[in-house]
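Before anything else, here is the set of structures, which you'll find just below.
One chain, chain A, links the two complexes that follow: it is found with chain B in the first and with chain C in the second.
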Partner chain A sequence: MAYKNMMNLVYLYLMTIGIKVIRCERLREQMYSSIEGGAACFRRLNGTHQAGCSSSLNGEVGVVQMIYNISDAQWLVHNSSAGPYMAVVSTTLYYDIIEILLRYPDNIAGILLYDNATMSPNFFTQESQCPNEYSSDPRLGQCVKPGGIVWNEKGTGLLRRDIPYPIFFLPKARIGDITKIEECYNRYNLDKDNQRGRPLCSLQLNSFMYAAVNSVVCLRRSASSAFLSSNKVCDPLGDYNVYYSLFPRAKETGASKKTVTLVTARIDSASLFDGIAPGAASSVVGLVSNIATAATLAKMIPVTDAKLYDQNVLWTLFNGEAFDYIGSQRIAYDLSRGAWPPVSPLSPSDIRLHIELGQLGGSLQLFKDSASWPIYAYAPYSSQNATAPQILEFMGEMSSYSTLNNITVSPEFTTDIPPSSLHSFRQILRNVTESGSLLEILLADHKGTFTNKFYESALDDYENIGYVYHNISIDSEGIFIPTADLLANGTMKETEAQVKIANLATTLAHTLYQQMSGKPYTGSVKASAHLVDEMLYCFLRSQACRLLLAADYASNSDELPADRPLPLYVGVAAWPSPPAVYAGHLIALLTGNHLHVNRTDCDKNADTGFSYYWLRGWNHSGICIETTMNFSQAVSPAFIKPDYDLTSGEFSSWTESVWQTIWARVFVRASGAGARLAAVTGALATAVAAILTFWLQRHSALVFIDAPSSVSSDAAGIIRTVNC
Partner chain B sequence: MTLAEFFSCSLLAFGPPFAMFALTIANDPVRIIIMIAAAFGWLVSFLMSSLIWFAVSPLRSYLAFGMVFAIIMQEACRYGMYLLLRKTEAGLKEISENHEICSNKLEMAYVSGLGFGIMSGAFALINVLADSVGPGSVGLHGGTEYFFVTSAAMTLCMILLNTFWSVIFFNGLDNKNYAKIVWVIGSHFFVSGLSLLNKKELYVVTILPSYIILIITIVIAFKCAGGSSKGLIQSFTGRP
Partner chain C sequence: MDLNRLSNDKKLQLCKWYFKVGCILLPFVWAVNLVWFFKEAFVKPPFEEQKQIKKYVILSGAGTLVWATLLVAWATAFQLQRVSWGATGDALSFIVPLGRA
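Presenting the complex of A and B:
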């Protein structure tokens, strides 16, 4: 490497003497080292404010300052002399110093946050202390109320704040870049008292955001510029919700209409940084529990038995919940105007019970050594006496099934309901939720303050729930090994997350069965920890997993998706993101009827109650799935309601800024000594040359006395004759 | 800080040639034409040596190979310029409004040398200058921030050397004094060869001998042009 660098220098020098075997990018390579794999904080806007970060158009430049402790940060904001600075901070120190750096932004050009593999923090969350505070039902506590519960205790709220400089995040895998920066820092910047006028190791972060001010302004700018040029500056957030009913609902008429139990969970998570939103405990465990329960119940109650039941279960996965409940607000809004689901819409009174699988998984690490997993069933009513009997009945049944499955479900009667889609239902469908005709239960694994200390952050990954993949193969029929067998042969232990989630799914499925049929479940169908293992792998470790491959369209190419976890950020509405599609296909594959027909026949099917998907299937030969699964738009009502005032705060009004490039690079900033030297010598040399030339020209007759004679006059004569 | 670097390095490399141009060439259109023609001549040599470099692909990574052919091509084009100027000198003098032009036979040599040098200097430095606008400087992988100054100083040296080499070269050909031509080509090889030492980052070792060569070359060129030290001293003392 050193030899190569030297060769580069040789090239450069040859260039300076007029030898031209040179390629111009070589000097750039000498000067700059780009930092790849960094994720930048970007800008989002709501109806009234902008949140997130932006750099200037050409990027912010600052002197590197490694922050190893709080006093480094204090020195940086109060005593440093060669500013502005780029603070390079590890995730362990982030919580302690971020407020200092935000309070005194004058000397700060940006922050580079890195995740240190050897020292992981105990908490790390950029969500506010009361997530979705402003779209929560004010009657349901939250920390709005004095003395209310602070849900996300360690939340710094950066996700909702306007940050005056760019912040970049380097994941664990890119720690090599930090070593590079640290080496450069140690070489140039260590003498902190004498940094002025010296070459200093510096960083440039570029994450210029096109949108500014708020959603109203940026949407207006996007619209008006469509007339002048096609430059969009922001897009509304949004994606798709997924829903699936146990029995087809399309053909139901007034009399035969079954009441439904709504079982919901959220798909999306968030983080401050682009492309990183693992959301293990924030959303994935709830999502996986929901799908596993749906798959289990579908096995317990085949679709053909629809006539035996007068109830139905509607499974719904909300998207965009991190940003003021986009998905659930839209569904509640559509319910209120009779527009959801699009085929055979429900009225709010058709829903007898809404069970939300809220934030689950945060306490899995706390109970990693025990087989138990305490779940709390929140009912948004002030006391047990004020609670509807159906809820008490449900809770009673659920806790009796839970003891059979090694988990505990404790009822919580409180109006302090944790952040969840219940808030949007209670806000938008106020008359039915208040009158008690739409009953609600929230299942979460925290009582009061979140047990998940990485809520909606870049570090809410598989390690946060202590997940270890078992990599058990799935047979060609898609049969998963029952949990009991896995425990019996020692493949899995009772303390593992997979087993606990499977137990929760079993408990809920059995409870729902009893609710529907009115009698206890006596069969042996249970959720499989093997299925949960595979699903967690798909959502937390790699998109190139068995389940998602089997659930993909067979027409898609055999190209494997990227071998990394899927970011669960909701993204912009104009651009569908994969998590909802993956979740929907998984539900279809795991719950739908597998028809034994070929592809053309599969496409010909046109039963209005179902949709038909030609998926790849377990042995990748193609399979026809008949399912009630469908997608509905998860775009906030704010963007579809005519004449809606975005500043009113009634619905989520988040938009995301457009940006062009995001990059970071490290280099050494000149002290200016070279420039001064060049200026002085340049001025001197020019002056000397000018004076000397002037002098010699003026006195040329005197100085050049022996000048060689000029051209012969003969030739001049010839030309003169020619010319004249 | 970095814009300052850009402008001061430009000043260092191109300030003296510009002063010379402004005082001696700019006032005469014929001289400007000759200078541009010489600059074009350098570009031709550039093209030919890059063709050779490109054609002999196995040796592309060897700097010395490219360097040798580049020098040979430059000197060949300098000879071409000599032939061209000697053939057109009379005509140029005729069409010029300033009939005092070419009172010194080596005047055209100086003009064409400056054109030759400025073009080579422009090509040598322009990429470096483009990178000097920053925000970074050399130093991340070793090297010093004086890289840009030394580059500019070397460029200035090469511009001036080319100017005076042309004077010596033309004079040597006029007088059939081949020692002068040997000096030009030899010192060209020597200075270029010195630059190969830059990989050791011994900038002083490169720049100092190069400027010594420059001074020697200037003195020789002064003598060739018929300059006398006595006359020079007289011009200072103001003796009539």
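Presenting the complex of A and C:
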């Protein structure tokens, strides 16, 4: 019986080998299982430091260790024996163990972070506790000062720290890979006390970064034309700002120059990981509120009425704000030297008020059961100057419109201004902001500490603001259903994010109208929650959305954009990234004049006051848009100012490292016994051969009957000749 | 070339020639001279030109040693100090390392 079993086993073994041979699988594919869809932490550099992660050139290899609780992490750094290890951690546990893993990095080869669909963390932010601390106005709320407000309470600051090993992130959709790793771990690594010298489930993470040290060093190395080595190792961060004025400004001359109200918001967000920067509450809600307000005001005040008003509104979207306010620093700097906007530049004295739509959306989830939404209007308070009457007037008007729209606006006169582009203006245009000739208001939905617990993180997605898409079709004229109708027919509820954002946009648009005309608004134009619903869908769920398709160039015959949310990371200045382009086109489509001309006539238009875009339009047949929307560079002044000292910290000096490949794979690492056996056998064989050769040479007379001496001298002569 | 098949005056000529070539900043030629003519200068039974050969071999050896010391000192200093030299260090590098200081 035993013999038969044995035969069966042998037969099975031969069968398996046979199958393997037939499948012709590569050995590498049999050994490694690659992990797709992971996003890696990468390296960024500023004027003085490097931040982020890098692996070694060939990637870091470590034994898989699933971290299910804090004691697993402690065992890993203090008691483990088969290191280095790869810690596999869920986002829920990340905050509790990351400091342990960073404090004792010797036994850690890297971290694989995964987002668990069944257990979401209550907070997750890798931004520092004082975002953009070093480019903020020190007189306006530095959270490190005693008694200062810690804005981002749960911030780990990893985005600004140098991490000694690679970190990869697997989003919810890739949870299958974690199951795969967990199975492998359960099969090989469970016996934690006897891991040494056994085959173990291992992970290899490769994210080798070219740049190092700081921006000064990496830019120097990128620029060096040294013989044979002109590798680019880093690029400055940057992109484009978007601006659009209610009335065209290009043809204004000295006397007819209108003062402007600057209404701004930010486009970009960030996260520690490449290609993931959803930024729902960090930036999108503010951005969407800004565009919705602009679209509403453009409906309330047609461009043709320009002559009736002595004021203008300039809507501006800043890019790169996550990295020391790149976009707003550049605009403030350009304003200070009279270079922005490029056509008909403004001087700071032309700006009567700057309203920033700051971080909004964090509290939408907190108030998800209530129809109201508290907004705080921050105005910098100074003990020298009394609060300007214009600020009080604006706040009063906004407050009265807000009560009509289910919003409460509470004024905050304070020296603690939350992180926002206001800080750039305060720093760079100090003489006008400090004297109070450039007035500033910041609208945010947090009082003190951020309500957004996912600030600039991979998890700041649509769920963070409780957004649910309604998918209501848009008619061929691009007319959106009024909020009141949606509420009346029960399509939307007053508690929803779309309705609240539309209410905020209505409030702000009506306030701006009163500021411009000097009389209360009596008309019926309001921001549509339908439009807000569509815009949020474009920025949070899918780029392949109705609005962006209609706002795209009609000539663009490329494939549809990907059906996934757009990463809002600013990216490198050398490559324009889509968010600013999308936002700009959206503004053009929603606020511009639709001219009834064909494409050739549209392209012929050359009125300097406007730009003309031939976009796809609502029914995709092509539409000519006349707009004042334009783009301006959002590259830090640090990279354009001649002889600027990057280490001075005056302007944002962030650069991003170049990398070649990023990949991760899992495999079972051999115990090492085979390799050791091979090495010992090899060494032994060499030694035996050497001894044998030596012995043979010594005793050649014994072994060979004819000793070499018998070789004739003639032959030796021949050999010598040949040798020569 | 087999030195054994050369006459002694040819050997001297060759040794002297190698020494002279080494003088134009080619320490490796001196090193070759030292190794190649070491036996002729110090091991072989005395012959007329040996004294001269010995002189050139010693000079070549001393030159090689000085050069080697300088090169080792430079290489060590460069490897240890390149980072702290900053821009100069990068400018002196033929291949700038990726991903580190």
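Here are a few things to note about the model shown:
The working rule: the second predicted complex is superposed on the first by the 638 of 724 C-alpha atoms of A that agree within 3 Å, B and C clash if a C-alpha of one lies under 4 Å from a C-alpha of the other, contacts with A are read in each partner's own complex, and residues count from 1 in each chain.
In this text, a residue touches a chain if its C-beta (ideal position, glycine included) is under 8 Å from a C-beta of that chain, and two chains touch if they have at least 3 such contacts.
A quick note: this is a predicted structure, and the numbers were derived from the prediction, not measured.
Of the two partner chains placed by superposition, A:T408 touches none, neither chain B nor chain C. In the superposition on chain A, A:M209 makes contact with chain C only, while chain B stays out of contact range.
By the touch criterion stated above, A:G682 is placed in contact with chain B alone, chain C being left untouched.
Of the two partner chains placed by superposition, only chain B is touched by A:G672; chain C is not.
In the superposition on chain A, contact is made by A:Q30 with chain B only, not with chain C. Of the two partner chains, chain B is the only one touched by A:F704; chain C is not.
With both structures placed on the common chain, the touch criterion links A:V217 to chain C but leaves chain B unconnected. Comparing chain C and chain B on the residues of chain A they touch gives the larger count to B. After overlaying the two complexes on the shared chain, residue contacts for A:N231 are found with chain C alone; chain B is out of touch.
In the superposed model, A:L57 lies in contact with chain C only, and not with chain B.
Residues 720, 723 of chain A contact both chain B in one complex and chain C in the other. In the complex of the two chains, the chain A residues touching chain C come out as 54, 57, 208-213, 217, 220-221, 224, 226-229, 231, 233, 720, 723-724. Residues of chain B that touch chain A in their complex: 1-2, 4-5, 7-13, 15-20, 22-24, 46, 49-50, 53, 60, 63, 66-67, 70, 74, 89-91, 93-94, 102-106, 120-121, 123-125, 127-128, 130-131, 134-149, 151-156, 158, 171, 174-175, 191-192, 195-196, 198-201, 206, 225-228, 231-232, 234-235.
The touching residues of chain A, when paired with chain B in their complex, are 2, 5-7, 9-22, 24, 27-28, 30-33, 61, 184, 188, 199, 201-202, 204, 665-679, 681-683, 685-686, 688-690, 693-700, 702-712, 715-716, 718-720, 723.
Note for the complex: chain C touches chain A at residues 1-2, 5, 86-87, 90-91, 93-96, 98-101.
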